[in-house]
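We call the chains A, B and C, going by the order they appear; numbering starts again at 1 in every chain.
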Amino acid sequence: GIPDREGQMRKGFVPSLAGIFIVILGLFFGLVQYTEVGENAMDQVHRYYTYFIDVQIMIFVGFGFLMTFMRRYSLGAVSLNYFGSALMMLEAILVIGATQQGFWNLKASKIQIDIELLIDCSFCAGSGMIAFGAIIGKASPTQLLWLLVWQVPLYALNQHLVIYTFKALDMGGTIVIHLFGAYYGLAASLVLSRRQPLHGLDHPKNSSAYLNDVFSMVGTLFLWIYWPSFNGALASVAPESLETATDAQTPGGALCVGLFAGCVSTLGFSFLTPFLDRTIGLGDTCGVHNLHGIPAILGTLVAGLASLGQHSDYLMYGTGREQLGWEVLAGVVTLAIATSGGLLGAWVVTALNLTRAED
Amino acid sequence: GIPDREGQMRKGFVPSLAGIFIVILGLFFGLVQYTEVGENAMDQVHRYYTYFIDVQIMIFVGFGFLMTFMRRYSLGAVSLNYFGSALMMLEAILVIGATQQGFWNLKASKIQIDIELLIDCSFCAGSGMIAFGAIIGKASPTQLLWLLVWQVPLYALNQHLVIYTFKALDMGGTIVIHLFGAYYGLAASLVLSRRQPLHGLDHPKNSSAYLNDVFSMVGTLFLWIYWPSFNGALASVAPESLETATDAQTPGGALCVGLFAGCVSTLGFSFLTPFLDRTIGLGDTCGVHNLHGIPAILGTLVAGLASLGQHSDYLMYGTGREQLGWEVLAGVVTLAIATSGGLLGAWVVTALNLTRAED
Amino acid sequence: GIPDREGQMRKGFVPSLAGIFIVILGLFFGLVQYTEVGENAMDQVHRYYTYFIDVQIMIFVGFGFLMTFMRRYSLGAVSLNYFGSALMMLEAILVIGATQQGFWNLKASKIQIDIELLIDCSFCAGSGMIAFGAIIGKASPTQLLWLLVWQVPLYALNQHLVIYTFKALDMGGTIVIHLFGAYYGLAASLVLSRRQPLHGLDHPKNSSAYLNDVFSMVGTLFLWIYWPSFNGALASVAPESLETATDAQTPGGALCVGLFAGCVSTLGFSFLTPFLDRTIGLGDTCGVHNLHGIPAILGTLVAGLASLGQHSDYLMYGTGREQLGWEVLAGVVTLAIATSGGLLGAWVVTALNLTRAED
């Protein structure tokens, strides 16, 4: 539903992008430098490079092709995913780099780029692409651009609160990536869906097509295969103690969790998404709510409850009960930042009428 | 040719899958645990992880997209490949794990999951997907499900006989993966093809389409590129002595073998597959016979004959003649287990009328 | 525009390929052997294998799918890319192996295959696929075959001159891969385009189609993601001193160069390619001129000018001015070899009327 593409691009997208890029470029020249290559540079490369590339495959090929199932929006999905992820990574180098390296309290005057920071920025882009899955087809490229740019500082703030202030255990980025990304996107979609005529799951443009579904299997498979790398990369950039707590699992338990999450997602696609679409007009193009949102709520609760039985060596706090409390707080704060940020962002881009779709 | 999909799923597929999954889940809880992470855990990961992921790409992306060339069965091919491979890997953890870790003679009471076992289970799934290539489009999902589940214990038995009892040299899984998988699938296809009206290469539903052929190049290329990883992974989980015998090659010899195998496959596609289809009604949707079956017979013979000239350091037996004998025996036993198992399995799933295709 | 495929194959392609392959096979038997596996074999594998596979993904999946955008030539693009790259790698083992290992001045009597040589041969194939992008759809398979075969010795000669004789700094293969490949292909295309009726950008067969464009995103993304591996692989096989000079960059400078190159490419696609097509009849199917040619000229100049400010530790010569001189010479010689080689090759394959397209 994006009419008069040429004119739209000239009026909204190109000036927005040019402005954003000039600011990023200026800040890069003023603030960013490569880390000095130390003695153990080759070891660092061997440790992180494969993880880095694997995560890149997931973000750009995985998420990109996952969203190609739409008959009229395949090319747009994979191209905007590419563009948006790259832009978010650049912005995240500035914002996450500054936050993590103590820039705000003047501990550092330059942002150091190393491969660990790039991995972290990839996760931020991943969170953006989860949100993109909720609003794809409902926002114009210009609206999407500003929504993704606005997501990065919120992501950095929330990550800092959850991981460093609340010291929540966040395996696989359940809270920081999935919970945050899903509800940011859903909140934005709630505003965007109600404002436009192309509304509802039964609109023909929302349908898929046979070969497009095959394309989306490219994304599905690469995401699924590289998932261990995603978690491995997360563990390798996370504080030490998180690595060990994953031991407290059994293969049978893992199967159960996977089975349960699969059922929740599938039932959500069949019942919850259409229900929310009919009742409150919440569009959710890729079913982000079922795939990331609800599983992330469950994951946060399960991780918190599992803390109850753990020895304090595996926790960030003295008792499981205390850990559970911070875990719940992290989830609630994430939901609050994501939804209020998404609503606000979408309200602004809609109010400014940033070349809204009009067909 | 799979009519009334909804009803079929409810009557046959879902109960079958639920039953199988409950058994697997129960056995996982009772018998399976993760290996204790030792001192050298990071070394293990560095040694095996890349191979593991590469093999996963081959099984899920490679085989999956290889079979997308069918106009009406692209999505089914890549999706059932995904589903079937994942299920076989779970079952193989139990069956191959138990067999290799001395479970049957009570040497162990728990099955230890480590990355080497997962690689081995990927090969089992690979063998299943070779078989799938022969029967795709001819079996209903329920029939396929049971045929793949039945293949795993036969694979584990045959692998144990060939590698540990007969001590055959099995470079690249020629006997255990390719020979076994191809003839298991062909035997099953012989039964399935004769029982259904959609028969013969000239049926329009068996035709390919232009863009589907491009999709199948995704599979072709990933299989081809990662082939060294497949063999590297095999060598790294195989008994030590196998690694060295591969030295006995020259680049020119390798080119010759490749050229010859390529000619055999291509001629088989042009002449043998149509001939067998016309005469004995043997359906072979992806031409598995030419790509895996005949080359595996040749490979077994060549590996056996090459033993004649080898020093005993490169062999499992004192003389090349002795090695050749065991090599041939391994091939014959594999053919026997594969074909009888495939015929029996297909006869049972057809006799039980497991929601057979009926259009 | 390739009519009567069957007859064409029998008359031109198969005899040509058979002849070429027999010569390669004979030379492999006579001259090529695997390097003795030393003590540090596993270290070598760990250092180079990932790079090697990543580059293979770029050459076969990346370049292959990049060219699938053409409505009528998707399958041909990805298949001929596969075939041509594999053939060029075999030939390059002989030609580059002989050149680098001192075969011509009788320092060696056998060509040793190791993984570093294979990486170098992949780059040669990459250069061939850049050239292929300029002539795709304009040459018959037989013409293409001979043009790619003829490119390999020119590539080896030029590489030797640029890297070892002129000691040019050639980051990312700017000169040896991109500049050479682009102008070889463009020169060949100039001859081929003028000789055939299917001429000009506005011919319907030159149009793209929606799903084909999605396919070409598969290529785009894999090329983009693995680009660091391409440069990493290059650095790891290049003489030592080249590795260090890349330090002389800032993140802001990198962004600027990327932004500038992106603008040059995009403007070239919009204005230069149609202009050259209209005026001198230069066909450039994939816009190789904008993507590789012009950026390579700029890159050569920038690398040369950047030498002016460098300490001699980062240079191959005592002063930046001297380095700049050799840099320019390397570029000019590369342009000369590439264009004269491409013109000559295309003139010969056209004059011999090697089953030229005739519709």
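Assume a contact is a pair of C-beta atoms (placed from the backbone, for glycine too) under 8 Å apart; a residue touches a chain by one contact, two chains touch by 3 or more.
Predicted, not measured: the structure shown is a model, and the values here were computed from it.
Here the C-alpha atoms of subunit A line up with those of subunit B after a rotation of 120°, rounded in steps of 5.
At the interface between subunit B and subunit C, under half of the residue numbers appear on both sides, which makes the contact a different-residue one. With centres taken as mean Cα positions, subunit C sits 37 Å from subunit B. Residue positions of subunit B touching 2 or more other chains, listed in rising order: 46, 50, 211, 218. Across the complex, subunit B meets subunit C through its residues 46, 50, 54, 210-211, 213-214, 217-218, 220-222, 224-226, 228-229, 232, 247, 249-252, 255-256, 259. Residue ranges of subunit C in contact with subunit B, taken from their complex: 21, 24-25, 28-30, 32-34, 37, 46, 49-50, 53, 56-57, 60-61, 64-65, 68, 74-75, 78-79, 82, 90, 93, 113, 211-212, 215, 218.
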